Amino acid sequence: MDIWKVVDELVCTRRVPGLHAASLRVLEGQTGERMVATDPVGVPPGKWVFTTLGTAARYAMPDPTTTTDLTICGIIDQWSQT
Amino acid sequence: MDIWKVVDELVCTRRVPGLHAASLRVLEGQTGERMVATDPVGVPPGKWVFTTLGTAARYAMPDPTTTTDLTICGIIDQWSQT
Amino acid sequence: MDIWKVVDELVCTRRVPGLHAASLRVLEGQTGERMVATDPVGVPPGKWVFTTLGTAARYAMPDPTTTTDLTICGIIDQWSQT
Amino acid sequence: MDIWKVVDELVCTRRVPGLHAASLRVLEGQTGERMVATDPVGVPPGKWVFTTLGTAARYAMPDPTTTTDLTICGIIDQWSQT
Amino acid sequence: MDIWKVVDELVCTRRVPGLHAASLRVLEGQTGERMVATDPVGVPPGKWVFTTLGTAARYAMPDPTTTTDLTICGIIDQWSQT
């Protein structure tokens, strides 16, 4: 599971039906790369989170038919970044 | 879900039957790498999109038997690229 | 779906039974890395192709029980490489 | 299967229900990148381990419905790192 | 499917039950990175092999319930490394 910092909410009006009304977050990784994840936890910007990808990303959503490949699984309480 | 810019349509006459008549787009990533994605949304070149990969890429297509591993899921309205 | 140039046929006498008699190709990527893919299309060396990976790689084969994770899906007609 | 060094336990109070009470470990890879894995083995910090990802990460857990994508599979006895 | 050189056997006494008694090999990639793979073929160190990952890694094993994500699929007879 990858470690990311939540940067922002993603604004997206046109999307595929399979995403339903899932909340989307823009994440920034340890080397500055950016990704989009579905967020069932409700995480404010600035927090460190870890995500699950692949089929597990769907099972981590309340509705497992959501067409996502990256879902926030938890907020990290402490994180000593090197 | 990855973030990409749509570069072009992909012209491809010889392809496997499982791709059916899916629209294909050439995408460019944040570090300049290029990929091909199926496009159920209908995105013109120049737009920023996010994609889902793996099995979720098939479920994001109207026909989930399409043999794709990368599908455009939505157009990003605003995007502050760093 | 990734973009590759077909470099060569792969010669391999000892292989797992699940690969059946699938044709194998050595591919070269945009940064010079090399991979092996199953080829249901029949692509000669020198052509640019795109591939699908993961479970979709199996569904793109005529026999979906083939134990592959990368399958050539089509020949790219035109390709403006940057 | 990737090779990692166990760095620390991950403290995380808010998490998705699908993670159950699985132990989480922070791992460091060969190039310094950090990941989070579920740990069914019980590995102390400082040990070298190898992990499985994707669907196999779930099957490696005692409860295969755990929403993980990276699970520690074993402790490496000897490891000559180059 | 990735291309690797077999470096060594992996010694590992404590492992998850799902790995059964599968033979494990340490592989070295084209850029020097190291991975662990299950080996149903029986490959001695020094040989070049190609592997399959994800769910196909399990189907390439004699026992497809083995919790692996990387399995050696064949020995490459000739290999012109650039």
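We just call them A, B, C, D and E in the order they show up, numbering each chain from 1.
Simple rule for what comes next: a residue touches a chain if its C-beta (ideal position, glycine included) is under 8 Å from a C-beta of that chain, and two chains touch if they have at least 3 such contacts.
In this text the structure is predicted, and so the values were computed from the model without any measurement.
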| item | value |
| --- | --- |
| Fraction-based call for chain C against chain B, same above half, different below | different |
| Mean-CA-position distance for chain C and chain A (Å) | 32 |
| Averaged-CA centre spacing for the pair chain E and chain C, given as whole angstrom | 19 |
| Multi-chain contact residues (two or more partners), chain C | 53-55, 57 |
| Circular arrangement of chains, read from chain C onward through chain E | C, E, D, A, B |
| Sites on chain E touched by chain D in the complex | 8, 10-16, 18-19, 24, 26, 32-37, 53-55, 57-58, 65, 67-70 |
| Residue ranges of chain C touching chain B (in the complex, touch as defined) | 1-3, 30-31, 40-41, 50, 52-57, 59-60, 71-78, 80, 82 |
